[in-house]
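What follows are several structures.
Look at the two complexes coming up: subunit A is in both, with subunit B in one and subunit C in the other.
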Partner chain A sequence: MATQTPTQETTEFGEVSRLKGIAFKYTSFAASIVGILALGVLLAYVFWDAFGLESAGTTWYLSYTVTLLVPLLAFFAYARTRPDVVAGAFELFSLTLGGVMLTVATVIVLSVIASPPVWFAYFLTVVGPAIGMYVYGQYNREATWVGLGILAAVVVGPVVGTLGLGTFSSLGAMLGAPGIYFLSLVLPGAGMAAFLAHDRLELSKRQSIGIGVGLPVLAIVGVPVVDMVPQIARSVWLIGLVMFGLPVGFTVVNTAQRRERWAAFAFPAIAILGFLLGEFVVGVVGATEPSPWLDWQYVTSGPSISNAAEAGLYPAIIGSVFLIVLVSVFTFVFGVGTAIYLEEYAPATGPLGTITRLVNVNISNLAGVPSVVYGLLGLGIFVNINAQLGPITYAGFGVGTVFTASLTLSLLILPIVVISAQEAIRSVPDSLRQASYGMGATRWQTIRNVVLPRSLPGILTGTILALGRAIGETAPLIMIGAATTKFSPPSGLFSKLTAMPMQIYAWAFQPSPDFRYGVVAAGVVTLLIVLLTMNSVAILVRNKYQQEAH
Partner chain B sequence: MTDSPNRGVSRRSFLASTGAVGALALAGCTEGPSSGGSGDGGGSSGDSGSSGLSGEINITGSSTVYPVATAVANRFQQEHSGIDISVSSTGSGGGFSNHFCVGNSDFNNASRPITEEEKQLCSDNDIEYHEVNVATDALTVIVNDENDWVDCMTPEQLRQIWRADGASNWSDVKSEWPDEPISRFGAADTSGTFDYFKEAILGEEANHTSNYEATEQDNLILQGVQSDQYGIGYFGFAYYQGNKSAVKALGIDNGSGCVKPSLETAKAGEYKPLSRPLFTYPRKSALAEEHIAEFARYYVEQSANSSLIADEIGYVPKTEEAMQEELDALNEVIDEAQ
Partner chain C sequence: MTTEDMATETEAQDEADEDSLISTDPGKGGLDENADRGGVTSGKTIIHSRDLDVFYGETQALQHIDLEIPENQVTAMIGPSGCGKSTFLRCINRMNDLIDIARVEGELSFKGKNVYDDDVDPVALRRRIGMVFQHPNPFPKSIYDNVAYGLRTQDKTDDMDAVIEESLKKAALWDEVKDRLDESALDLSGGQQQRLCIARAIAVDPEVVLMDEPASALDPIATSQIEDLIEELSEEYTVVIVTHNMQQAARISDKTAVFLTGGELVEFDDTDKIFENPDSQRVEDYITGKFG
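== the complex of A and B ==
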């Protein structure tokens, strides 16, 4: 306050001391620097170990500095004053990276975890009808039943799919894995490509149809070519074509269409050529290359406890991804549902309002409960239970199974998701709701068209943070009896799993420094990459809605 | 999602084109899969095992035995890919009380024999078990070859050397010994060897000295002691076994004369307190299943495999005869169960 500092003269305009403000500014600056530096150093250290950069020779660093780093820096210097080029390069980079992550995630989730026939069963009963009805709803705006129809597909579809799993999956098995992906990914992908080409890239109708037809044709024509490369299965080719090809193709055409962005193509060109040139130079000079712990062998083989060079994380990676997919579905449905009900529907006054407030207070408290407690809760209600209710016997979901683990972790992060979603919904100004009501919208329409689009970025941010916590949890998994080490990935919902943090934790206590510095660091980096991959979808959606809100 | 309705026309044409594409692609689809449905992505080991054995095996228990169980399980699974083994490191007691004695695991590893309380818990739940000794964990105290004043130490003397604020010169321990500073080389406090040595020698009251060369690498301990006449160090027995000529191992006099560390004394339980037997407890009812019985036999057979137990993990393997005895006992139990 101005009155606290004595003024030299008794004039109306005294001098206010700025000392406090300056001190505060620099204190907060120092705090942020310490925090960010500590995190940065930690991450750099882990990456350094995981990729074995210490073992690389000076000439290796020198070669790549000359061939890759310097040209890239030159490009950045050039692009600094050209926002169009920066935007183009960023789009190229992020969509390519997103495409890679999406491909990997899809291969893991559809091909390894779900297995193609099972995916086909649920595609027929859930995904296919839902997408079909959504597209029809966009086409025929008058069809008001579409929303409810999608809801029905999402709710009833899994039940039908599970009951008829045998029939549907034997149907899928007849098609074979590539056929399933062709039907369920390439064809919808072709429709999507045609739509994007026509609607977003504003190509002519003929070109758009050409793209829509071209994608499936390319998929089939590519099969004999892919067959010559033993590392790439046909399924991977089809998945990659859609998940990687679509975003990359989109961004390439988008960049090519705008003259002012053409310079952005220099970025991938420099990166790829620089890398190849670097490889060539390193080979010619004979520089010592780094020996990374995190390599192909590491992500595709099972764990070893005695031989660091053979150690791998494959079963744990699949286990963690399986877990996090289920957890994100559970928490999103239950968490966001709870938040919407509590904020938009639950009575705020009267005796029922007291109950609402009580529930709110308790949810906040639950967010602070240690994870071990949730582990015990999961052990109690999902494992060591034998309840009899009439003819139904509930005996839990098994020790350390995927289902038990994902339910336990969902419970753990549910309060965080609920609170952040509530916070996001609350931040939508009431005036917007009133305006929507004023124009005659119903409460559902208001929530659907006003509240949710504006609060979605906040909801997704909260969910992303919570999922990050869930994927790194060890204590609840130990409590429910998840395995420390497994040699094959979980084969179904009710098979035992191991997760990355469990295996990393076990390795961290191995006496050999190769394990404690190399293998563990590689595990941590893998964990981070998987987390980012799973989150990238949410991050993309969040960014889309954030841009729309502005 | 919030598209305006005036885009209906473009969408209609888009749908038309999609339909055309769909029809065309369906036609083309018949050739897609028919050319072979073998190529499935992922690279996982999904195919069934060559031996025909299949099923799940659950192992819980001691973190000390965890490396042995993991290494054995890894080898077993390489031979029988249809079997799905999970190993959990829960601690000996945690494994008995939370998993094994409630019937949730097939094997429980323990770095000590089962206690009375755990026996009670198991019998309360009608869990019968069989005790198998799979290896011995032993530590060796080493001194320099030119050390001519000591061949044998009591645990009390070791405690004086290794506890915090203990002896600083050899003569502080025993007056006949040289008046020279002790240079110590030992395991870093992150290792199980450190924990075990601390527990066995120092007990709960005393702390391990911090005035020593701490390392995870046995060869650094070896080199340190080798190069220093007044040096002393400790590491796993397996490492000494491979370097017998380089340094001198001290005997331990635990009240009944000097006992030198060796495979025989460690297994006979004479080399105390620096050796302890490691166990695994298979559940009898689980042994009725063929794949679990097969794994139990394999586990016992591997306990005499010195390249696995001694070289890879650093414990004392069993002798062939002792392994055969253990295997016969196990086979009897299996016959009984099946």
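== the complex of A and C ==
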């Protein structure tokens, strides 16, 4: 433009109204505060009752405030601006809790669901060969038969194991339970520890071998020590060493290796020392201690219905662990399989594409179906059905049994697992699939090597969160006739069970206030601890893989 | 492959057969004549398309393409956005099969065999025709595993370390990464990632390397490295490259095909001729920037 107009001076710019925006902002703020407040009040209320804090004296509060609360708050204030320290502390905390849960679950699976000799039979025929081939495949990358070999072990192994159950388990019986766990858990665990130490923690070869040899030695040396403590069986020691010791040891070394995370160790140190110091001070001063409902007796004994002080959650905890284990297996296999089929194989266009879309829409609908309806479904197809197919009679899996309950809960969360797995698979960039196909990979190779590794963290996170919903459910369990109160834990797949929410529900009807406030609150806290641990493990998994994939 | 895919292919094939009977009329031979006339440097033809039409649903993306791509040379495809040059590239290794609504009619032969014949397995075809994409797309794995990917999927795992080293050397990346083969490929720069993708494509020793605007997401230095590399590759491989950048086509290619809007191939000839003295006025306008 050739013509130039003289610049006019501006004295003011005027204002743009933000009234609606500001109103919206504070309304949303208020809405989110309501949610957080409600949760906070609930937690405070429940914890207050569960730990019987009402009965504690002022000196008791004072002692623990000084020895535990103030140091912890100081730590949080220090960590607030240091994300590395927070991450380290969170890892230490959640892996410790996760290790405890893993140990409990393993003990229940290996010695309650399956007896040690039976586990040994399947270890010899399925788990052992599969792990062995996997390790060989990692070591020798050129062995392409490994994948097929593992598949064969998983398919053929159970058949061989079942046919030879007698022989294998009598072999196992000769070894005894501790011997079986030593062979099947401690030795592979030692190998894994050595591998992790060398590959992930980048310790020297000598140190890694030391860890690999040290773990079994520690296991044996620890036996006489453990024998002196009557509460801990040898089997529990061996399982705990692997299932608790491995993840916790890994995190401790991992944290120790990163200078910027060292301060995270202050968290467990403050927590443990503060607690011991508090105990000591309380003992010296002679303060009135609280009388908690949630204590060792509570998690190890059965549910009294007359005496609140003797009531315990043990059978329900075991029932819930049964459910977690079985439901996670069912939903992972079926949910991920469905998601892969719908996302990678199912046709998207044409008449078959219409069916695909129909299935997709209905899975979304199923995710919103009330749980009591799933209970009814479970009652219909797993309990009440009586079908005769030639020589096979199918008469359901029994009223309120472990198997019926876990199938029903699996149906309930399957849509959620499928949807979250679909999301995770969909989030794999198409450019990676193209790259794989462009290299001349088949569809299966692309799924196996590109899509699944990339989407697994999302799939795992979704599955764990959905599991959280399953173990908190009551309605479907009522519908399939699960007991509200049971005095002994379930002993197998077809024995009757009760679960934590069911037991809590039953106690809530007791007339005595001790039950309604104390025992119920303790149950709720136990349930919440299990749930929150699962959720934090899910968060850890997600963070870990997000870092790796950038 | 789903049954649906197969159905589409068979269908496309049937129509292609019918079409080839009708439309091999000599009137369309202008382009072939051009190719022959300009065939001063041309070697043997390795890829030959005859009356190739591609549809995405109802939209026709390519119209009656006749093209002969010579062996061991660099053939560039230029043209404005949406002119179908990438579509043509993806026809060669049948990547269009992955798009449900894409339909191919006509004939495209690789070494004399129509790749859209019923007995052609697209996976086997892609193992002989490598591809490099517009945006660098290394797998989120280590550098080593990226190059090894094709070797593992194709069971060519003999002497893998040596093959990987050689491919990285050919892709002019070896010196930069030889000490950190175990590190994630995502830590490399964009230019390095693209050279890694080239190394990955040539590791399995394909006969043709297709490149879909391989330098468009890169800075000028990385671009010139990729261009040098393409020239070197053409000694061993047939390279077909799609590019937006006319100077790039002029610099590196032996032959140039100009596609214009609507999916038609307007001119195909020696690069020098296209850029200095094109037959078609439309091509001249496009090249000189007066897009018409």
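The rule is short, and it goes like this: the second predicted complex is superposed on the first by the 453 of 550 C-alpha atoms of A that agree within 3 Å, B and C clash if a C-alpha of one lies under 4 Å from a C-alpha of the other, contacts with A are read in each partner's own complex, and residues count from 1 in each chain.
In the analysis below, a residue touches a chain if its C-beta (ideal position, glycine included) is under 8 Å from a C-beta of that chain, and two chains touch if they have at least 3 such contacts.
In this text, all values refer to a predicted model and were calculated from it rather than measured experimentally.
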item	value
Joint occupancy of subunit A by subunit B and subunit C, clash or fit	fit
Where the C-alpha centre of subunit A sits as vertex, the angle toward subunit B and subunit C in the overlay (nearest 10 degrees)	140
First (subunit B), second (subunit C), both or neither touched by A:Gly149	neither
First, second, both or neither for A:Thr442, with subunit B first and subunit C second	second
Partner chain(s) touched by A:Ala177 [first = subunit B, second = subunit C, both, neither]	first
Subunit B versus subunit C as contact partner of A:Ile209, first or second or both or neither	first
First (subunit B), second (subunit C), both or neither touched by A:Phe487	first
Which partner, subunit B or subunit C, touches more subunit A residues	B
Which superposed partner A:Gly274 touches (first subunit B, second subunit C, both, neither)	neither
Which superposed partner A:Gly245 touches (first subunit B, second subunit C, both, neither)	neither
Subunit B and subunit C, minimum CA distance [Å, superposed model]	5
Residues on subunit A lying within both footprints (that of subunit B and that of subunit C)	141, 449, 453, 548
In the complex, subunit A residues that touch subunit C	141-142, 144, 345-350, 352-353, 429, 431-443, 445, 449-450, 453-454, 548-550
Sites on subunit B touched by subunit A in the complex	1-3, 5, 7-8, 10-15, 17-18, 20-22, 24-26, 28-29, 31-33, 35-46, 56, 58, 60, 63, 66-67, 70-71, 73-74, 77, 81, 84-90, 98-99, 102, 104-105, 187, 190-193, 216-217, 308, 312-314
Complex contacts: residues of subunit C adjacent to subunit A	1-4, 7, 93, 95, 98, 100-101, 123-124, 126-128, 130-131, 133, 135, 137-140, 148-150, 152-155, 157-158, 160, 184, 186, 197, 200-201, 204
Residues on subunit A engaged by subunit B in the complex (per definition of touch)	107-108, 111-112, 116, 135, 138-139, 141, 175-179, 182-183, 186-187, 190-191, 194-195, 198-199, 205, 208-209, 212-213, 215-217, 219-220, 223, 227, 233-236, 239, 300, 302-307, 314, 318, 384, 399-400, 449, 453, 478, 481-489, 491, 495-496, 498, 506, 509-513, 516, 548
